[in-house]
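Note that subunit A is present in both complexes that follow, paired respectively with subunit B and with subunit C.
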Partner chain A sequence: MNFMTALNKEFLEQRRTRKFLIALVVLVLFGMTSPLMAKMIPQIMTLVPGGEAFAGLIPDPTINDAVAQYIKNVTQFGVLLALVFSMGAMAVEKDKGTAAMILSKPMPRGSFLLAKFASLALTFIIAVVIAGVAAYYYTYFLFGELNILNWLTLNGLIILYLLVYVAITLLYSTLTRTQYVAIGLSFGTLIVLGILGGLPGFGSNFPDALISDASMIMSGTPVTHWTGLWVSLGIIILSLGAAWLAFRKQEL
Partner chain B sequence: MNSVKIEDLRKKYGSVNALDGLNITVESGSVFGFLGPNGAGKTTTLRILAGLAQADSGSIFFGEQNITKSGTAQKDRLGYLPEEPAFYAWMSPREYLDYVGKIFKLDAKERRQRVDQLLEQSGLKEAAKRHIGGFSRGMRQRLGIAQALMNHPSILLLDEPVSALDPAGRKEVLEMIESLGRECTVIMSSHILADVERVCDTVGIINKGKLITQAKKEDLMDRYAIPALELTTGNGSAAQMPEWKLRLEKLPGVTGVTVEGYSFHLAVKDVHTAQQEIMQDALAHNTTFEKLEVVKPSLEDIFMQLTGSQK
Partner chain C sequence: MDINGLAIIQKYLPLIIPIILLELGLLIAALVDIIRREKTKGPKWVWIIVVVVFNLLGPIAYFIFGRDE
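== the complex of A and B ==
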């Protein structure tokens, strides 16, 4: 099946162009350092001139602080990587002419597009899984045991959150011929979705709800409202569908 | 091998008619030279044939099959080389050809053999493991031709295939294209008329998206056998040539003048009248020349006459 041929090439490209390595290093580094940072904040404060006064005001770090630090770091830097890695995926290939070379052969455009999403998804899945293992290990030693099932769910939600922005950026990359326009539009969407996600009540229907759901799960609060998850899945499917509809008619 | 038939093909970009009812028939196994001035619609036609652009209307047949709306199905038998072939800079030519072989679903053994054969044929064997990112334009062009041949295509579309090559590379590729005519139907666009004249057996000339004429090369030469003269000036006349060219262009019996080295190639209305006018002009201006002879018209003369690129 040509999807697998395209996927193999795309994932090889992720490795050759160091995108895979960068995602792995950045996310694993934050996975390892997040519990460390949570644990060390009071000590770090004492090292800052005048910080001794504040150190006493900071409550003793808990396992929840380590988890919150992990979620914040991995999602923030993960989204940045998702945008940067996806912005040129389609736009550069169309602009340079490499897409035309391949699509003049029996490679369906849907497979070509989907392989790009799948390879980026694979990169982020592997990077988040390893970052999750590293974070779990350090949290276990510094704070104590975490509920494994909840930890897996948390990381699953983080991956889904990152894939929303991979799919959106791929759509913009398909619609434009310039990667910079694509990343600009993606940043705009990130901001708009962030604002909408912050609206009281209404905000739980947007992808940012995945982050708060992840925190709730880890703190033992049951999540009753999963609209954010379904909307995120919907955004991924709609973005890929729209990208395919646009790409199928595009002249190369 | 398949014949290619294009019927009433139309394509508009905004208000510009890129193709305006183009009709072409390319016989199976022929090497078809696709000629036309810049913007005539050659590249658009080849991109539509390769499935990279869609026509507004019209039909395309490969053999008996109408492939106008057949998606990727017809691409199994196509080979396509764009004007500026682009590759993944991080790949080696061996990896790229292997990737193309996988797209055509060749099995591992067949792929390996074909890749080796094409690397050898395109002169890239020594560079087989180097990254394409460091290749010269000529090397990319040769790799472009190799990838177009990966699937033993029955129809090969070549857009300016030798434009980036040095004389030796050009000679090799043109010989290769000439020999391919026995294996597949080749449609080759070029602005280098001498190349088309050398390798193509059939020629189609288009202008403003329409076919002006299409015929076997020899028939075309006979049909448009406009008389032509060649005036050889000699080494000492280089400085006088620009001024002389202007004078020749003004002669009533001369319809076109091109300069080749120390010679003028003259398209004329009537050989004898033109000869007299040229000699009288030379005497009047005290100019000498080495030779004035009647020559066979070139494809370039015919092309210029048909596309109105002459005086």
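== the complex of A and C ==
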């Protein structure tokens, strides 16, 4: 069995278990609702009893508010889905013995692991691309035109951010036999990286910088410091490499 | 500014309808899956309530944690 066959099998599994459907629906929903909420919330606020007093104080929503909502919602919910979808990818297959069964056929363990990552990556790439199209349409309709090149870059950075956590969770899923331990460790890593990413100056070297870079690009501020991007790519490669090294030596 | 809730909804209705349809689609997909599945992790009736009551999160929770493969 080669890599492409394994990838086809894994992606079929993503669709069969409805993970693909969930990622698609959730991210597309946030793609649609983010610009809509940015537009509607200030208007709804004026309807709340006593809200009339604030009517003049709430600034008119701008296209930047819509983009900020989109970035916040898609990354927050996307990363949760990335953790949940990846937690059992290796741990459950090892625990149930399906990994041993599949690997009894002539198939390198590296291909097995890489196919897992690639199928999850494919799920998130397709979901973010469609969510991006939906958000673009809604933002265009409600606020006006967005710079397409900047929008594509923003969505590319969001995808990379999600893939960092897919790779990290896949590593923990390989190292453990319980999916809940894997997601616990991933959640801990998410918090630690989030804290480190929030440190002034130093924080721009962590994956969270991808999110601030995405905001900067959309607001027209040029990004000069791309360390966060390279560190994110490095984390993905290192996590997959470490997972492969550990998986090679594991008894199934 | 004289705006009422209905006017806001009417104004944005063409943009709200696809969102409702998408959520409804996920809810129906989850319900069909529960009914057609021989058994689920936990009682079926609990999952039906969860899916119907908790908009969006209910179907997601069912698909991730409720399906007995």
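We take it that the second predicted complex is superposed on the first by the 250 of 252 C-alpha atoms of A that agree within 3 Å, B and C clash if a C-alpha of one lies under 4 Å from a C-alpha of the other, contacts with A are read in each partner's own complex, and residues count from 1 in each chain.
Please note the rule applied: a residue touches a chain if its C-beta (ideal position, glycine included) is under 8 Å from a C-beta of that chain, and two chains touch if they have at least 3 such contacts.
The shown structure was predicted, so the numbers you read here are calculated from the model rather than taken from an experiment.
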Combined model on subunit A where subunit B meets subunit C, clash or fit: fit
Touched partner set for A:17, first subunit B, second subunit C, both or neither: both
Which of subunit B and subunit C A:219 touches, first, second, both or neither: neither
Contacts of A:251 with subunit B and subunit C, given as first, second, both or neither: first
Contacts of A:100 with subunit B and subunit C, given as first, second, both or neither: first
Subunit A as apex of subunit B and subunit C, Cα-centre angle in degrees (nearest 10): 80
Touching partner for A:76 - first (subunit B), second (subunit C), both, neither: neither
Touching partner for A:28 - first (subunit B), second (subunit C), both, neither: second
Contacts of A:84 with subunit B and subunit C, given as first, second, both or neither: second
Partner chain in contact with A:43 - subunit B first, subunit C second, else both or neither: second
Which superposed partner A:108 touches (first subunit B, second subunit C, both, neither): first
Shortest span in Å between Cα atoms of subunit B and of subunit C, once chain A is used as the common reference: 5
Common ground on subunit A, meaning residues reached by subunit C in one complex and by subunit B in the other: 17
Residue ranges of subunit A touching subunit B (in the complex, touch as defined): 2, 5, 9, 13, 16-17, 96-98, 100-108, 249, 251-252
Touch list for subunit A against partner subunit C, complex: 17-19, 21-22, 25-26, 28-29, 32-33, 36, 39-40, 43-44, 46-47, 55, 84, 138, 141-142
Subunit C to subunit A touching residues, read off their complex: 1, 3-5, 8, 12, 15-16, 18-19, 22-23, 25-26, 29, 33, 56, 59-60, 63-64, 67, 69
Complex interface listing, subunit B residues touching subunit A: 47, 50-54, 71-73, 75-76, 78, 80, 82, 84-88, 90-91, 99-100, 102-104, 144, 147, 151
